[in-house]
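I have placed the structure first, in the form of structure tokens, so that the comments after it can refer back to it.
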Amino acid sequence: MSENGTFKPVIVGFLCNWCSYRAADLAGTSRMGYPATLRDIRIMCTGRLDPTFVLRALEKGADGVLIMGCHPGQCHYQEGNYKAIRRFALLKRTLRQFGIEEERVQLHWASAAEGVEFAKTVAKMTEEITALGPLEWSRNWPNEDPHIYAEEAAHE
Amino acid sequence: MTKKTYAYYPGCSLQHGNHAYGVSTEAVARQLDIELVEIDDWNCCGATEYMSINRLPAYALIARNLARAANENGEHDLVVPCSACFLNLHKTDKQMKEFPEWSEKINRSLAAGNLQYEPGTIKVRHWLEAITTDFGSDNLKTRVKRPLYGLKLAPYYGCLVARPDSVFDSTEQPTVMDDMLAALGAEVTTDFSLKTFCCGGHMTQISEETALGMIHQIIHNAVQAGADAIVTLCPMCQLNLDVYQGYANNLFETDYEMPIMFFTQVIGLAMGLSPKELGVGQEFVSMQPAIKKIQDVPPPKPKSERRPKQALPMPVMPE
Amino acid sequence: MSKPKLALYWASSCGGCEIAVLGLHEKILDVAEAFDIVFWPCVMDFKYEDVEAMEDGEIDVCLFNGAIRNDENAHLAHLLRRKSKVMVAFGSCAFGGSMPGLANFNDREQMFNYIYHDSPSTDNPDGIVPQQRTDMPEGELVLPNFWNTVKTLAQVVPVDYYLPGCPPEASSIETAVTAIVSGELPPPGSVIGPDITVCDECPREKHEKKISRFYRPQEIIPDPDTCLLEQGLFCAGIATRSGCGARCPQVGVGCRGCYGPNEGVYDHGAKIMTGIASVLDADTPEEVEAILDTLPDPAGYFYRFHMPDSLLRRTARTNGKKLLASEQVAASEL
Amino acid sequence: MSENEKRVGVYVCHCGHNIAGTVDVEHVAEWAYNLPNVIISRDNKFMCASTGQEQIEEDVKEFNLTHVVVASCSPHMHEKTFRNAVERSGLNPYLFEMANIREHASWVHPDDQDGATSKAKALVSAAVHRVLHHEELTPMQVEIRPEVLIVGGGVAGIQAALEVAEAGHHVYLVEREPSIGGHMAQLDKTFPTLDCSACILTPKMFDAGSHPNITLLTYAEVEQVDGYVGNFTVRVRKKAKMVHEDLCTGCGTCWEKCPKKVIDTVFESGLGYRKAIYRPFPQAVPKYPVIDVETCIYYDTGKCRACEKFCPTDAIDFEMQDEIVNLEVGNIIVATGYDLFDPRRIPQYGYGRHENVFTSMEFERLVNAAGPSDGRVVLRDGETTPQSVAIIHCVGSRDKNYNGHCSAICCMYSLKFAHLVKERTEAEVYNFYIDMRTIAKGYEEFYDRVLEEGAHFIRGKVSEITDATHASEEEGKLVVVAEDTLIGKQRRVPVDMVILAVAMEPRADAEEVAHRFGIGCGDTGFFTERHPKLDPVATVTEGVYIAGACQGPKDIPDAVAQGSAAAARVLSVISQREVALEPVRATIDEEHCSGCRICNTMCPYHAIDFIEADSVSRVNPALCKGCGTCVAACPSQVISGAHFTFDQLIAEIDGIMVDVNIDEPLVAAEMV
């Protein structure tokens, strides 16, 4: 949340080293602007994406997670992105059961040449998540422990 | 084969200007055990002009037909013989599907008439495409009672069904009607290049000279290809090529008499129906000379033209 | 020298852990011999006041089973923590939340509505719902506050050791007790037991895996010698700590995951998920979805024993809103 | 090293104005002191300059730094630079991490300085958190076999083969067709010098065929590649030629006597004929024929055997079987070339319908003195000389419906065609182009020359080529319809002959081949080089190089240059005797591996073996490419991916979220 109260989402990105990270580089060298909402982490391949990482990002307060890899059939490691497709599908079903909107965790493809597409994807996702509002996952964990209240009361 | 049922949108042309298309459509449907259930209280498709004047009422007008079809015959595909009607109905469904904001606006308009249309509910299909896909040329061949031996036909698709997204095999050089006509026993012109060329459309009302030029070119090309008749699937094309043929002859000082037949009339003839049952006789350029060309026995196979010894081979067509 | 003092307590649990202690059979006598049992409400008549009266740190070891679901559970967790030198989260409920923790797929309000109104077996024509406070002639009766979110023991008080299992196997308990008695304890914060996986102990033959569809247990009779997962039966053994001797898969039932994740894992469900998803025999999203359609309630499978202990801990709170159809699957599994 | 012994140095680069113009660099550097274990944090105008690098070296010594973070540009730009600097300072180069605050922050958020600065802080924090988990890594050394496999016997492959062979190493040159030579052998003249293609290629083909260090494997295809740089095992299928090369003298009696004439769709591009037993062209290397079993009468009817009867040396063997050859090589150069666009995909151009529409390769054969018309420019009837010829540029190129890319050579060969038509006929020549691209030495001069020769140039994309005529001068001709964009009018140009300058496309099986060799395909379908500018012939698979048009459209000089370049790269690797492999690799903790075998199908490089005896899986480090797919799959988390470990990535996530406050869960408002 920015200071003036308008909601600016925080999106954690997982970009594969060969296609999508380079697409992001290209967006940079071509000065294609997009919202400063994405904070990206480089992995060698979307095949490296352990679902734990997505859950961790959400737990730590991310409003969304964007996973991007090479187009199917163009994986630098031949088929890592197919594994990502499988894991993402199951993760998505699981997150649905956790009540997390589908727009918050997305999987997209961008080749190293698709700087424009990369920028568009970030802009679109930012728009979608801005419409949904903050996730702030830890708000779902009420502290109901009476002892903590007791201690807090003692402090006051 | 079980009876196949379609919802049916005749459009205004088939009832009035091109009555022969309507008559022959219904006659052929009966022959092929196809039931056509006309949408109750259908309205004008807006032709093609309304779209460029005001899009929302134009779409709403068309969507009303889709909504009625969905209410009555939601489980059946909707067949449309007129190319302009087809394009408009197809386009409206697509527009609503791709742009939810349009779908919402259009549905707000429809609500005034207590109607509602969920895009994608109705599959809009051109009558020729429905016959060639669902019934199939091979199947059609088994129903032929009077093969069209000796008749050379130029298949003419026009522009509205072929573009922008063709329901046929190609936007530029479709071949489904070619195959169908061949299945009926007719000879099909292979070098009729203008099969998807524009017939001039409503240009006849705007710049007659331009329109006549276009019409003349199509007929000229069919004549050069040796066709006895042009076969069309669109009332507008038939009207332009048939009614304005004389004017074109006057302007270009030619004396072509090229009959313009609906594909339904051609199927009907091959099924053994009489020309009268197919609305033959309502046209300006008489079809009779062409119909008289039909022989009882297949013409002798033309000797395959031997290419001269020094000629270079034509490109090998892929399998 | 006086014997070390032992306390046992059950919070939100089924009682299976208590039975498991008794499952030590004759060895229970050794426990009784080795320890001075100062608190065990399930077996012996102690009062909370007895514990409150103890000095802080007076109890040497507390075996605490059950999740923390209400104020009373939390109160006893804090009390026993204060009074005990060593706090052991005993069994899967105290460790990861386990069955009570599955309530975190819902909110309190949804559960109460279901239990007191909507469940097919509920017969409550007057719509009576338990009240937290009730005035009686004898005075006001107060029920402990029922929490919206179930927690693990470690989320309420510091825990020294974890003993997983639903319930812990007798051999695991024995290992733990022996370690405590001998004083040869692993570093605090450890799970007591070997860091191996159920597959290690499972005698079924394993091959290169490809899953083209899932079966529910009633749908097929599995081949007795082949890995269950390869046959399309859900089995969490690939991602679950062993110590149980792979009991379930040995009798043809897929591992449920009760011993929890291996060392270093942050989220048990994520590991089961990634293992299973990786070997789906599909490459296009459509093919993947078709296979996954045969696996209902994936989150229920993945987080059966470690929902409160997972990274997300619970579902998004609905604030009483109606559940999405997809979420109802999870709810009906409860 | 315990946690509090770790000492991190952070360097935030201005990159002149490139970063500092948007990101508050001083603030980021100052703020970084809040991050764990940061001992020194500085901003610097240009970190990649020698002063920036020296700053790192000095600080490591002065402050006893153990880890280094540089926040600057993309690691694809300068990761190596800074790793070297870190190594010079005495630290292991992998105890370094880079935060990309230029391409991923300042350049993409120019209008949001606060946003860009916050993002830069998050990325720096991520790098600091991550680097604390970095471990010392050492590249693995692998021995290099000197033998080289070259796939594709076109001009690029031949050039590479000769370079390597001349250097004294053995080359296996595998070619799919019965002869090496590739597309260049089909051409008549080459632009812009107009020297005869065969005259300059044939000697090279002969050299390749007779070089003691080159083994030619023609009519053969690579089926499988295993292994890694220095130690590849390659399985090659040599298709049965039905002719014993040790007996055959190449006398030609067999194809003279063969009664079966078929259209030659490969060498003659469909414009000429060959026999069922054939040698593709007279200068073929090797000179021996093969029997095409698809068209041979004997394989169809069981009769004929004319070639066998007439062969003076009994070289024909109808029972010959395919042969499998296994090769051991250290490096591979893939030079598989290109396919030509099939213009039937643009039906409005009428190829296949209008007989006098030709493809560019058909025209090459037509003007070739050894071609089907003996070099006469004639229509398809074989005798009429055209009075007018249209050359349509960009057929299937620069067109989103087919190929977005420019095929690079069409402008020039179209100019060459214009010249040849002018030279050999009286015809008018019309070039329909979108843009003229004459970019290399001597090309623009050639364009001038053709302009002066009187060829017409019409700037406009052709909408159709039709035989439907308008006016009497069009009768019997093909009408080329296009908008002339320079005069803003539609033109209808009636001509006798149309030549379609068809696009260069990736080979139809490029994706399959790429997969076999561990190469990537870009979105145009051509093979992807490791770096488009700085590493144009290497690929992501170490030991596999690409050369020629398989990498992208290019002309002969460029293909030859790439052949030489790939050879030079290979020779440099061979001369090192061993090679260092990136240590980003997976390892399995066998003590904790349960043998569940989930990971076994994850690896596309077959680097994971299941050790039955120990019931554990094991990674062959030389085969592993470090993608991490198995690491993410391991359900008991016992596979570790060096430099992308679980702890490193979790730390990076935690670091990147450092400013998002979630540590204090809110007190529930709706407590009963």
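First chain written, first letter: the chains are A, B, C and D, and each begins at residue 1.
The working rule: a contact is a pair of C-beta atoms (placed from the backbone, for glycine too) under 8 Å apart; a residue touches a chain by one contact, two chains touch by 3 or more.
From a predicted model like this one, the values you see are computed outputs, not experimental measurements.
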Chain pair with the higher count of C-beta pairs in contact (A-D, B-D): A-D
Interchain centroid distance [CA atoms averaged], subunit B/subunit C, Å: 70
Between subunit D and subunit B, distance of the C-alpha-averaged centres to the nearest whole Å: 47
Euclidean distance of C-alpha centroids - subunit A vs subunit B, Å: 51
Distance from the mean Cα position of subunit D to that of subunit A, given in whole angstrom: 32
Set of subunit D residues in contact with two or more other chains: 602, 629, 632-633, 646, 650, 668, 671
Interface hub residues of subunit A, defined as touching at least two other chains: 50, 52, 56, 59, 79, 83, 87, 137, 141-142, 144
Touching two or more other chains - residues of subunit C: 145, 148, 265-266, 271, 274, 276, 278
Pairwise touch network: line, ring, star, complete, or other: other
Subunit D-touching residues of subunit C, taken from the complex the two chains share: 132, 145, 148, 195-200, 206-210, 227, 237-239, 242, 261-266, 271-272, 274-276, 278-279
Residues of subunit D defined as touching subunit B within the complex: 263, 265, 270-273, 342, 344, 346-348, 350-353, 355, 359, 366, 372-373, 378, 380-383, 466-470
In the complex with subunit A, residue positions of subunit C that touch it: 71, 74-75, 78, 105, 145, 147-149, 151, 156, 265-267, 269-271, 273-274, 276-278, 280, 282-285, 288-289, 292, 297-300, 302, 310-318, 324, 326-327, 329-330
Residues on subunit A engaged by subunit C in the complex (per definition of touch): 50-52, 55-56, 58-59, 72, 79, 82-83, 85-87, 89-91, 93-94, 96-100, 137, 140-142, 144-147
Interface residues, subunit B side, partner subunit D - complex: 170, 172-173, 190-191, 193-194, 197, 213, 217-218, 220-221, 224, 307-318
